[in-house]
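Both complexes below contain chain A, partnered by chain B and then by chain C.
Let's turn to the complex of A and B:
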């Protein structure tokens, strides 16, 4: 299975839901997906295209475009192709379906993305902070407009 | 994990500071008698915010920061980070520099496995093994020190090359150290395989099956111990690994014993790789000629774009996802560490084992909390 056939299969199965699909090199592909369909696409990737290995899941903040991109980097144990899949969410209220039912290890990645970016995951089994103290929830420190000092958490320390 | 406890059940918090822990994380175990019913891992005690720090440092300054993700994997972290920038900027690394990188990264694999194995042995009550491995690790660190100038946090890689050439007489030193290390590894293997008490504590304990491991996204020695030959050096060769002869060490059983056996075999394989590299290494420049890249790289602006680059760290797949907006600082860096998924295997693996086995299972995973928290 090579990058070309993977992208062809993905775009023919989801003509509406997947867009901007592209091949960067023999082992790197990119695609964008509509936020509502992310679980269906992931399930198809895992079951039919043997993308069984979620390398990581995270987000990138774009205040200029008023968007948050949720990025799924999905690899495989069978073939070397990696798919970088993005779902674009509005910055004010980023909500997306959790992919934990498909990829078990998305659990911690989603908890971390939630506390660092404020992306809310629906149907996540246990959405609570992972690496930050609970008082910092709502600060969203990895967003670009995070000021750090003087924040209410920082004030408490002084 | 449910916080409510039934009759004759109790919750024991192991950690965050606990002698058996390789780093501060907390394991909340719900026990019924001696048996673990349920467990949960809590992390975050050494969250350093490295992803945010990297956004505020220039690309060159970032090399020093990624060392601190985990000091045992410093060189492979640098390789992943520097590889991202090289892919974005289209820098070709000269062959001699690639060979030096491979040599140093395989050294870092050997010393990481030695420390991990020693720590694990002391967790299961085999404290003298820790002394042996630390003794042999010191020789390896001295060799690395003679090239990079530092024992653990090296800051050795640069964009397009490496900071320094191999010193005079390095090959002879390596030959001498490897003579001793080969004997030592054979000795460890004999100690492990002949001790009946050790075997009864490890064989068949903490069995991770290939399906579960793949589902959780495990990579590195814990995955290879289940029989899956997944190795980034083979599947997605970077540097000169495609030209080198080595095999991916696997075991079938997937238990604690197999995970340690994989590490022992990998150290032998790493020594074999280093010897090949020292024989084959060509002479030539350390940096691409006719470019500004060098020991003192100027402040660089990297073309806008994004890249995911992964390498095989001692503990598994280390990947960096980097987004550049064309300025002199990365717009976003996501660190995908190998231990992050490996630590998530603990709750399913610990279900039903006795309290004494928690240490053996957690130790054999060779986890590094510093890298999980970042």
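Let's turn to the complex of A and C:
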């Protein structure tokens, strides 16, 4: 399968849930998905389109649009196509379904996105901070309006 | 008939050290002895012994830790200065902060410091330990490590060479010999 047939299959299976699908090149495709249906789309991608490798999962903060985009980058071992899938969440209460039942390696990605952006994942097996201390939970350091950076308390300069 | 001489022994006030079940015995605590020793020449002998057995703890915290590990290997032969790497904080005399201290790691580092028996010294090894280095002004890096630990020697560099670490140890030995180190209260 090439990029065009993959996008055609995805949009014909989910005509309502997947929108703004586009083919950037022969190997890169993008699509946006409704946040409620992200697990169904991921299960269809893994089981029917053989997208078996979740390369990365992260988030992007857009304070101007008042949105947080959760980005899934999904690769395949069968065909040389990478799908960049985005789900747009409101910035005040970003809640999305976890994709750990489909891609098991999303576990730590979602924990890190939770501690850095504050995206809450429903039905996650163990949603707690990954590397940040528990006291910093709630500061969401990678959001654009974070006040703790730069930390000007240092006195020593080398 | 022999008369048994009754001698009146002056009863000195018994210092209260926490246990009273040894009657009539004048007890002292080890702090008093060490305070007396610090004013005499015995402290010079002790410091001579201490400066020649600076066992450091292998606590590789970042990429400077690789230099720290190779300093303890056979190539640099730090045994000639009495500097031996130890794996347990309970055997060590010197803690080398060899990397950035994140806010999550600081409680563990304090715990390691508390596990080390006195006398003990700290060396800041590398730019990250001194100021944060490339992680300066970061949100998760703890700044001003020298406010938490009594740092004796700062070794700048990114990373410093192994010879710089050995020179830092030699500077620490000079400070101990001159009784200028921050690890002991003189």
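FYI, the second predicted complex is superposed on the first by the 148 of 158 C-alpha atoms of A that agree within 3 Å, B and C clash if a C-alpha of one lies under 4 Å from a C-alpha of the other, contacts with A are read in each partner's own complex, and residues count from 1 in each chain.
Just so we're on the same page, a residue touches a chain if its C-beta (ideal position, glycine included) is under 8 Å from a C-beta of that chain, and two chains touch if they have at least 3 such contacts.
This is a predicted model, so every value here is computed, not measured.
Chemist: For A:15 in the superposed arrangement: first (chain B), second (chain C), both or neither?
Modeler: Neither partner.
Chemist: Let me test your reading of the model: by the given contact rule, A:60 touches which partner, first (chain B), second (chain C), both or neither?
Modeler: In the superposition, A:60 touches chain B alone.
Chemist: Using the superposition on chain A described above, determine whether A:28 touches chain B (first), chain C (second), both, or neither.
Modeler: In the superposed model, A:28 contacts chain B only, not chain C.
Chemist: Looking at chain A, which partner touches more of its residues: chain C or chain B?
Modeler: For chain A, the partner with the higher number of touched residues is B.
Chemist: Tell me which partner A:136 touches in the superposition: chain B (first), chain C (second), both or neither.
Modeler: second
Chemist: Please identify the positions on chain A that touch both chain B and chain C, taking each partner from its own complex.
Modeler: 131-133, 141
Chemist: Please output the residues of chain C touching chain A within their complex, sorted ascending.
Modeler: Residues in contact with chain A: 103-104, 127, 130-133, 136-141, 143-144, 146, 156.
Chemist: Spell out the residues on chain A that touch chain B in their complex, using ranges where they run on.
Modeler: Contact set of chain A toward chain B: 27-28, 52-56, 58, 60-61, 71, 73, 77, 80, 82, 84, 103-105, 107-108, 129-133, 141-142.
Chemist: Chain C touches which residues of chain A in the complex?
Modeler: It comes out as residues 131-133, 135-136, 139, 141, 146, 148-158.
Chemist: What residues of chain B sit close enough to touch chain A in their complex?
Modeler: Answer in residue numbers: 43-44, 47, 49, 51-52, 214-217, 228, 230, 235-236, 306, 308, 310, 317, 319, 321, 323, 331-332, 334, 336, 340-341, 344, 373-374.
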